[in-house]
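The two complexes that follow have chain A in common; it is paired with chain B in the first and with chain C in the second.
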Partner chain A sequence: MIIMSTRVPVDRWNRPRTDILSERKYKSGQPPFDPFPAVSNVLNAALCPVAILHDMLHGNDSALISREERFGGGNLFQNFIAFLKPAMADGKIPPDIQRIRFEFEQFARSAPDAAREKCWRFYLERWCNRKLEELSRLKPNENFFEVSVSNSYAQFRLRDAGTRTYPIRGRIDEVDLKNHKLIERTIKGMPTDDVPPRLKDYQAWLLWKILSSVQRSKFPAFWRDVDFASFTLTVETPYRDFEVEKENSSFEELTHNAYSWIQDLAKGGRSEWEAYAGRSCTFASKMTDCGLLGTCYRRRPIFPTTRSEIHREFRNIYRPLCWQVMWDHHLLEYQKLELEDDELENLGHVSKGKIISFHGREIELELSRKQAQPILDQQISGESNSYVIVVGTFHIGFELEANFLRSTNDRYVMEIPQRRLPQTPIALIIPSDSSVLRQKPWFLSKHVQRDVFALESWGFQLPDRAATHSVIQFMESLFGVKHLRRERSARAQ
Partner chain B sequence: MTYSISLDEVKILKGLLLHIVDDVQKNILLNDAGWVNVDPALVRNLCEVGLCIVNERGVRVSPVILSHADLPPRLDVDGQYLFSIFGDIMSGSELEQILNKIVDQSSPYAFAIGLERMLQNSEFPIAPERAVQNGIAPDEWQTKVAAAIPELAMMVANRFWNVKSWNVILSRLKTMNLPAPEIKELKSEQFGQIRNVLAWNTVIENMGEEPSKALGLIWYADYLVGIRGIQAPEGIALVQRRAWSIMEKNLGKTSAEIKKEIDDMTDKIDEATREKDQEYSTRPIASWVDILRLP
Partner chain C sequence: MPEPSNPSDVVSTFDKEQKRALSAILDRCLSTDEFVFPIIDGPPGTGKTTLGAASVRELLREDPKSQVLYMCYTNFAAERARESLRKLGLRADQVIRLTPNPRDRDWREGIIGFKQESDLSANDLRLLKSCPVLLCTLHSSRKAIGNRRPGTRVILDEFSQVDPGMFFATINRVRDRNPDGYALLGDPKQLPVITTQPLLRPNIATFIMRRKPYTPHQLVTQHRMHGDICAAVNSLRTALGTYEIGSGKEVQQRDLTALGYVWDKSSVPENYREILDPSHPFVLVDSDRLGTPEEQTSRGSWRNVGEAQLAAKLTQLMCQSFRNSVGCLDDIAVLSPYVAQVVEIRQRLPPDLLKKSATIYKAQGREYHSVILSFVRSNPQGFIGFLEESELKAQTYVACSRAEAKLIVLLSFKTFFGRSHKDFDYLNETKTAFKVEGPL
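Showing the complex of A and B:
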């Protein structure tokens, strides 16, 4: 049960000014704009203020992601279904459970045996048995997976009157064009559950809100006539499907609360203790499925004894790192939606190219010399080979992580994940161009946050152990009053 | 303490700890937290040695258990967690009393200490050219400005509360039995240059007394949390909530209004200290939100 404390909705969400968007202002200090959260951030904030605190300041976003989902069957479950459905629609795999099992074994051959076995037995087999008839009726190009959606002005109703608009981005597990359905899929839940897993219905609703609030002029050409507002919402577990009500005032309330926390925590100098005071559970009645239990309710080791001082110093690091993520990552998200294509190109963030072909996992693009320059620069400087190829628009499309393979004249070949992308007959418009974005390593700041917080929380319970551990002794000296002396080895004496 | 706690009594104490921690985590006031109905016979010995308190509201664990060295090693992991949280809650409660005392004696001295702590916690991010123009190498800026912090804070305290010396402040706080850090009354050699770099006179002109008071008290509360070594959010929340409620009562404003005044103040200083940029119109000489800020 969510017992989140109610907060006043924000007055307004601050978007970057034109000079910030066009990078005419030096990036430093606290960004003069509010974050551009992902759906996962909003879910954490809706779950508990402490969850979003850990997400934004300590680089730990695992409140709603179980270990099983992150490392176990979660990705395998979704990825296999994303492979299976198009293959069955094409008639390449018959609707036979043994044959599907065979295909799964091939598909997941690189996964550890135990994870593969578990994924099939507990999740996929049940899902396939339940869906076999539906799978047999699939037609090509009706189901699309991992659809990226983003809007900097998604609108949410206030309780009394009026609205607020917030930026939000996310990824939809499946869009079913034939049945007008948006599907959020998870391995969470039990066969006996009567309600969807915690906040999964809200997640589906948020994704639909983004999708249905995008202006039609921002739709990709291949989906220009689709009426996403009329889509039904479904949360799909291995055991059953749950329909989600679209008219839901409690979801609107959750959203305003969540954005209020996100704005306050990013601004700094406020709300850290308020977040703890307003957390959604207590030790005696904890949310047992929360991924942060070990962080919230763990006994702190006695040593180092200077932990309070360490926290006071380290907390000065967390927020600037959050700001760095906002400068490196969130600003780009705003830019992608707010700037015209040529402005993005001039800033070197985007190169446009014509898709020449798809062959398995390879995509061949044709780029003019000017468009290829950012990629060439990156090749020359020896930086990473990673790019994001966007097929569609930045509002609705497919973001594919790509690795540069080779180039000949104006043709560039990149490796992408095997994915079914929208295709249309020749008469319809196929996305003839793609945007190649260079990924900034913004996630490194999150790693630093996580490492610093781990160091702050780490220590020993036993004095003997602490007395001989050089890092503990160093921290006692650095943050406390201990005099650190270099000890001479017995041999030197 | 010579009383040896039995295994059953350890279990009872753990249960009582769970109740009080749970209530505080639910934001129930400490005075009302942790009371449970237990058969008095079960806790008679514990009450006699002062480990529990009994009254008409029921039974509750006493802070005396914090000095009972025999107890923590006999608790399981959850019990040890509860024991440490309870310790921090009680420390937080003691600090609440100190904060009440500051207001009762309407002491501006704690505000001055708080402002000094706030500046100590800043990296003083400025445009590097400002330091160079005033004869300070950019790589020396942090060291030089750190040495000048007591004087910078004193200028603010002097303007609003007419105090002129750290020695006076520290001795007054000592008399009032209030904690204070060690602050030396040293004159920084390059104070004049640092004041120019930061345009500190302009900054002070644009500071308001009420936001300065709020910053001072909240940072003083933060300092108290640090010296008591409180780690648990529950304990920190007690102190911070008390500091904010004192400030709300003192200024007759809500915390949201006070926070907005602080934001407005930094915006005003930001505007007042802008300098001409070579390429574009103007820019602030420093990131004031990183200097004049809440903890």
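Showing the complex of A and C:
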């Protein structure tokens, strides 16, 4: 059931003005633009208004994440397939299930034994058995994984007439150039299911919408001639593949509704209680696969007794942190797509360079002194040494998280941590133009939101446990009537 | 702080207020009708970190099995706390500094970096769990908390940059361990949290004191700045509406000469001599004579080319003309509230001095033998931008209090003085200020 926001569709999506894009305006308070949501935000908003409220204000985006996915099972499944397919296409791994199992054990050796075993038995073995023949026919440079796509003007049709454009970004699990297929992969679902897991078809459709609405001039050189609009959409579970219909008016409506909630919740005002009032399920008929069940239907403990006061104070923290994320992260997403390369360089966000080589986990880039200035500044100031290397364009490309290692003259060596990269895209991009993107650690604000909300919900039922717990007693004394002292009073001594 | 002959005697050098604060930190927090939560208001140079370190050592002396989680807002502050703890005799295996960089791995120095616990071996985890003091930044506190024993102390240093959100997030992280004591150390008048959100700017101590009747422990004697510079800092503290601090005997006459520098007067051009003279620890230089206007950059920051030139020139002259037994004066900073001015100054400095130029925000928590400040703004209207905003005017106070022996302030007298900018007017009225016109 779609819970419609009271303001569907939005009148217009407010994008940052030129002075804000070029950072001539002092960043303070409520951002004068609407968020730049990721596909996961839109999915949460489409699922339930409370899910997007928790996502934006409480840093909890787990509504659509199953228990297995939360503990890394989904990533292991997807990452191994992203490793396996190019390796098989190159002929490095034969299409033999025992050999694939052996490769998986090597690939996932840092994962806990139980998780590794579960991933193989329940998901990968079934997927491999089903796909073995297809895997044996793979050719190099046909399948690409973890493709980042972004568009600040993705177009969606209105029910009656006309269109609305919204900004949106996401990551595609796999692009199959030979079969003209966009694949969204998941470990959700059951062998007996005859429909895709909840909203997975919508997710594939949204990603295709982004990809097919990007102007051809914004395509990376290596995909300049690909017609993404003609691609078919597939949701792949370990047990079967589902084709997704591209012409689907309910997806369009879902999108307008989702963006309306996102805009309302970012602005504040009445929408918070409207969201709670419009939740998609009730205690009597819960959405059992929702990752927020424990948050929505949890009994509030009695202690601390000052919970309403705590809630009143903590509410003043959540939204500013959401706005902080919009300034730090969403604005940069707009800037990446709407500013020219030299403007981005002048602002110190991006250094354009050339990838010289890629060995193991190290990437060597060539950057001029001017291009490297933002990186040098960051090193001098002792800030985080994390960067994102973008290969391709900001609209369609590959984003590799990297850490600065060392530099000599105009060569900068960066490390790609904790990830085995598919070989194919790297073979394609070296040597290639790239952008080194400098990002603020915006996700720390989400961590703070999540922890503050967790503290607000936490407590004890039993008075004796509460009486001996220092955090409960601190909250009672700060927000209640108990005395807060700088030192033990003489009476207490 | 005055150096004790024996590190274990540091407590004996404490004054009454410091001893009282120390005793409060050592108390357990729970009591039937009150909650003990010491907040220590320590202005610059009053020995907050030394007090924090001493309390850690006393806690371990009282109960060798206890564990302390010592948290700071910045990595720099965490490093300083580590130095203080080591100075007080704690060994490397007793103080482990946790960083987010997995490449940091030196058990002998007590530095361990990891992104998640799975990066550590079982032996690493055992060593962490048994370590008496875990030191980290607030953002990386989640890691440390996973390795703590129940019933430990939580000490948070430099709280002026910790907003209520960050603080309560940290409280949530420690909640499962039920700590038996907490303490906040910092200066509530220093720079606020770096954020785009005015609602998040008040620090946690301010938040607590607004909610509850509470007077923090106030440290009143500073051991960093020359008496003349302390007078300037006291003027600014008065403007900020807070108490004045006194100077320890050992620093009252601590100019560059007392720090062991010899000034080669002859190497300094005549018109710069009175500015650099070490017998004038606090100098206000009028930049109006330079005749260069303020300029706004395309990114909204401000610069003043004349002041940048003068600041760079003074930096180079100071470095060349002051020498001690080790070499040239190196402990110097050229600070400005504006990024554009910092860039402008850097462009005029030789490569070996590039790092000396920084924003005031970057200098918070640090101290230098000598500080040169450039305030940039110069306009007939007396408009000084965010320097008159209630929460950001602390930049002036923080910048001035970084200097130990020499403070040179470059600013347009016409713009800053006599324009109802209270803090600058107080600074102008400071009796110890030596005022000069900028050299042409």
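To be clear about the criterion, the second predicted complex is superposed on the first by the 458 of 493 C-alpha atoms of A that agree within 3 Å, B and C clash if a C-alpha of one lies under 4 Å from a C-alpha of the other, contacts with A are read in each partner's own complex, and residues count from 1 in each chain.
To be clear about the criterion, a contact is a pair of C-beta atoms (placed from the backbone, for glycine too) under 8 Å apart; a residue touches a chain by one contact, two chains touch by 3 or more.
All values reported here derive from a predicted model rather than from experimental measurement.
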**Report entry** chain B versus chain C as contact partner of A:Arg24, first or second or both or neither
**Finding:** both
Query raised in the report: So, A:Val8: does it touch chain B (first), chain C (second), both, or neither?
Result: first
Query raised in the report: Does chain B (first) or chain C (second) touch A:Asn316, or do both, or does neither?
Result: both
Query raised in the report: Should A:Trp273 be classified as contacting the first partner (chain B), the second (chain C), both, or neither?
Result: first
Query raised in the report: Between chain B (first) and chain C (second), which does A:Arg299 come into contact with in this model arrangement: first, second, both, or neither?
Result: first
Report summary line: Of chain B and chain C, the partner touching more residues of chain A is C
Query raised in the report: So, does A:Ala284 touch the first partner chain B, the second partner chain C, both, or neither?
Result: first
Query raised in the report: Is A:Ala161 touching the first partner chain B, the second partner chain C, both, or neither of them?
Result: neither
Report task. Could you tell me if A:His447 is touching chain B, chain C, both of them or neither one (first, second, both, neither)? Result -> second
Query raised in the report: Do chain B and chain C touch any of the same residues on chain A, and if so, which?
Result: 24-26, 28-29, 316
Query raised in the report: Taking the complex as given, what residues does chain A use to touch chain B?
Result: 8, 19, 24-26, 28-30, 268-270, 273-274, 276-277, 279, 282-285, 297-300, 305, 307-309, 311-312, 315-316
Report summary line: chain C partner, complex, touching residues on chain A are 22-29, 110, 313-314, 316-317, 320-321, 323-324, 327-328, 346-347, 380-382, 385, 417-418, 441, 444, 447-452, 454-455, 458, 468-471, 473-474, 476-479, 482-489, 492
Query - chain A-facing residues of chain B, complex - result: 18-19, 21-22, 25-27, 77-78, 80-82, 84-85, 121, 123, 125, 222, 225-226, 228-234, 236-237, 240-241, 256, 259, 262, 280, 283, 287, 289-290, 293-295
Requested in this report: Sort out for me which residues of chain C touch chain A in the complex.
Outcome: 20, 23-24, 27, 29-39, 75-76, 101-102, 115, 118, 139, 142, 164-166, 168-175, 178-182, 195-200, 208, 211-212, 214-217, 298-300, 354-355, 358, 362
